[in-house]
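The chains carry the letters A, B and C, assigned in the order they are written, with residues numbered from 1 in each.
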Amino acid sequence: MRAKQTVVTGLCMAGLMLAVNAVYAAGQYGPGVTDTEIKIGNTNPYSGSASSYGINGKVHAAYFAMINEKGGINGRKINYITRDDSYSPPKTVEQARQLVEQDKVFLLFAPLGTPPNMAIHDYMNENKVPQLFVATGADQWNDPKHFPWTMMWLPSYGIESHIYANYILKNLPNAKIAVLYQNDDYGKDYLNGLRAGLGDKAAKMIVATQSYETTDPTVDQQVVALQGSGADVLLTAAIPKFAAQTVRKVYDIGWKPTHFLNSVGNSVGLVMKPAGLEKGVGIISATYHKDPTDPQWQNTPEYKEWLAFMNSHGFSGNITDSQAVIGYSYAQTMAEVLRMCGDNLTRENVMKQAASLHNLQLPMLLPGITLNTSADDFDPIKQMQLEKFDGTTWQLFGDVISGSGT
Amino acid sequence: MHQLLQQIFSGLAAGAVYASLALALVMIYRATDLVNFAQGEMAMFSTYIAWTLVNAELPFWAAFVITLAVSFVGGMLIERIVIRPVENAPILTMVVVTIGLLLIFNATAGWLYSYTLQEFPSPFPDRTLFGALMTTRDVGVIAVTLVMLVALFCFFRFTATGLAMRAAAQNPESARLCGVRVGRMLALGWGFAAAIGAVAGIMVAPVLFLDPNMMSGVLLYAFTGALLGGITSPVGAVVGGLIVGVTENLVGTYLIASQLKLTVALILIIIVLVFRPNGLFGTALVRRV
Amino acid sequence: MAETVSVDSTVAMRRGSGTGIAVWRWAGIAALIAVAVVLPSTISNYHVFELTQVMIYAIAVLGLNILTGYNGQISLGHGGFFAAGAYTAAVLMHRYGVPYWATLLPAALVCFALGMLFGVPALRFEGPYLALVTLAMAVAMPQLLKYFDTWTGGQQGIRLAKPMPPPELGLDRDRWLYFFVLVVLLVAIRVAANLLNGRTGRAFVAIRDHPIAAAAMGINTARYKTLAFGASTLFTGVAGALAAIVIGFVAPESFTLFLSLSFLVGSAVGGIATIGGAIVGGFFIEFVPNVANDISDAAPWAIYGLAMLLVMYVMPRGVVGTAGPWLAHAIQQLRSARRAAK
């Protein structure tokens, strides 16, 4: 009698425990997550002077649509909501609040631009909403101690200019350096990074700086002025349109400095070709991803897969745009992190998984460059490689260099 | 010394870009008494039309002529459809309408052609002249701008239509009484301005590279140049544009860091305007009591 | 000139038909205020935040209305004055620890002084030339802000601590800021109404419509035109300070030329020579771009531009500028019909 009761009790308890486990196993969900859907939000400039970056958001949307067609992530479709902030910080605050409070998104993915992200930095961390893989290279986003909900993705502009600084100190120790930079946080970061990388030699070596606004029609005045300073090294921190003008003008006025061109402005299709391929021979740059217009990648299976994705989602007019490669890689990272969360889709777990990336490879990054994060390190990509333009393609040289940022 | 020459010539090249758009602004002002804020975006849109034609394997000059014709008709249509309904509204209403047009053209170009940079072919070869002081393309822009200037000047001075247009702008009622078809003059004015803008855009695109925001910055400089020269004077527009280009370059190189060059250049120009409130070549507006 | 004098026609009505119209007007205003007070408790935090933005833009546009609507001087540079007010508040709060509510007065004074300074050379210019001079302000401001970066934080901008609501009231931060801005808006409207319905306002309008006649009648046009500038920038500067407080962040990118153009659009859409139009303008600037974004993902600005065109076609004098006289006319028709029926 007693034995039967014990067995029944035991079975009931087992049943109860199974049931409770089943409820837990069904997943813990943060806001914006259901059994069938994960809602993620994004802000991007689709209008205004920064609208050339808007393609990032569009590529994200297309990539997630493609994932959904294949069944989604762990059985859930991604509902990607992106809003236009025109690169205006007050607008970003508004859109981010709408996404978090009205649309009730799970997290904010790759909001673009330094001032926009600065405007929402406090809000996101106060409300414990992930501001994940911000689309800006400023150094300040890697601060998990004070801002545990904000994570970078790009190698910071500081890392890149440190790489140039080290190269200059090693190979051109008596250089006189001129810097052309876009007059905003992005350009200033390069200038400051170069100064930091040169250390106490900076004041002596940097002989001239000129800046431009994105509303300036040309940068000819700046280039000519920099030549007049007598510099023999030039660092250009410019977006494609102005990088192309610079490369062309430097050649046209007969100036032959050792020219370092930042990674944002080194696309073969968007910069080197419009400037004139022969005008860019010898220019040095650094990169972490494959240039879609560079002939050396165009027979690789990764490129072909990317190209197929672009053409089948309406981006045939943008296959020269490096931003499309970057956006694609961003989206792949997000998809991977969501996959790693499994059914435990809470905001805390997303940050935990994002902070546990180990040698993650992405098809359109350079071979040898991987994503790595930890609880103290919120900058997934810290490696770049130097390259030199030979008139047709960027020839990678040296090893993959790891930077430490600030 | 070499640097100074370089900056002056670069300034002239840039100034020619501003001058070409300034001519379109003056055209519209002369014909309709209105500053058209959408002029730059219309020019950009015309350039994209030319680009589409060139990409469709049309020879450059054929694309050029077709684009001009399309822009001319387009300008006239805009006057008829968009501007005509608010003809008698307060000035600010008209300004807002042109701002609306600006946004529509910019956004539509971005939607149709995306914001990715495009190359645009130039009819002129890519060579440097005068010992690297200028390129043939820069000279091309200056030359075409001067040709347009002469054409415009002769049109207003020596043709009957030009006279009728000036009359229609200055005093529509009296002009009507003299038999001038005021409505048609306004539409013609817009059409010509759109065509001039198209030429400006096509000349400028090889130098500045083509994207939907190509003309946004140029409009400000063109506006400044047109006013400096006198908003009613085509010669003034060109001279003003060139002066703005050179001034900005010299200010940015010798006077103050490039971060403030636009501010300082504008201040200098405003100081000039204080002494000549109607611009260098402009005619004073007579107010009848 | 094809324009007619667009003095707020209810003012004319008030004189002629006695208390009838005035009562309606006060009732309407009281109702609006009541709605504004009750609303925050019925809507979400986000919508409260949006409405706060509307009120801030309304104050800015009100400033522009004083200058462009009532005094006829066009300004393409009010975004620059908005920035001046915002940065005054930001620097005071960030560097000197001034409490947020105490930054409004300094911002007002700084922008008033700036406006008066601007007004003096502006006397020389008219029409498109004046537009250029004011445009220079809008363009110069971001450049200056980036250049003097030790004061302004340069490209990085200034991050501000969000104000804490007083605990006794039991309001959360969004609602507290809403009421704070609402009070400032009501004060601004009252001050503007007094200014514009009094001697100064009549001088402004006279100078706008018939400057030579006004001068002939002894109005000191130079003084009033400069005063109009100063008063106008005072309002817009206060709006800028409020914006800095509410958003909690200022950067040069927040104050582009597009902002100046937006104010102009808001002014025209609401009705340039009206006070109520400023509020309509604030709604337009705040909500239409968002609606445009919802309608078209690909080209939101095109929809925004179309909306501008449509409003200008249907109501060339702006919403309040067109609807106001129409409404007053309709009420008068009703009353005379009623009188005739008696």
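Keep in mind that, in the parts below, a contact is a pair of C-beta atoms (placed from the backbone, for glycine too) under 8 Å apart; a residue touches a chain by one contact, two chains touch by 3 or more.
The shown structure was predicted, so the numbers you read here are calculated from the model rather than taken from an experiment.
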{"item": "Greatest separation from chain B - chain, by CA centre", "value": "A"}
{"item": "Chain pair showing more contacts of the two, B-C and A-C", "value": "B-C"}
{"item": "Interchain centroid distance [CA atoms averaged], chain A/chain C, Å", "value": "39"}
{"item": "Chain B-chain C separation of Cα centroids, rounded to whole Å", "value": "32"}
{"item": "Residues of chain A touching at least two other chains", "value": "46-47, 49, 183, 213, 215"}
{"item": "Set of chain C residues in contact with two or more other chains", "value": "143, 146, 257, 300-301"}
{"item": "Where chain B touches two or more other chains, by residue", "value": "106-107, 110, 220, 257, 259, 262"}
{"item": "Chain B partner contacts - residues on chain C that touch it in the complex", "value": "2-3, 68, 74, 121, 124-129, 131-133, 135-136, 139-140, 143-144, 146-147, 211-213, 257, 261, 264-265, 267-269, 272, 298-309, 312-313, 316-317"}
{"item": "Sites on chain A touched by chain C in the complex", "value": "46-49, 82-84, 86-90, 93-94, 97-98, 101-102, 114-115, 118-119, 121-123, 183-185, 188, 213, 215"}
{"item": "Residues on chain B engaged by chain C in the complex (per definition of touch)", "value": "29, 35, 82, 85-86, 88-93, 95-97, 99-104, 106-108, 110-111, 220, 223-224, 227, 231, 257, 259-260, 262-263, 266-267, 270, 273-274, 277-279, 285, 287, 289"}
{"item": "Residue ranges of chain A touching chain B (in the complex, touch as defined)", "value": "46-47, 49, 51-52, 54-55, 183, 210-218, 220-222, 224-225, 227-228, 240-241, 244-245, 252-254, 270, 273-274, 276, 317-318, 320-321"}
{"item": "Chain C residues touching chain A - in the complex, by the definition given at the top", "value": "44-46, 49-50, 53, 143, 146, 154-157, 159, 162, 243, 247-254, 256-259, 289-290, 293, 297, 300-301"}
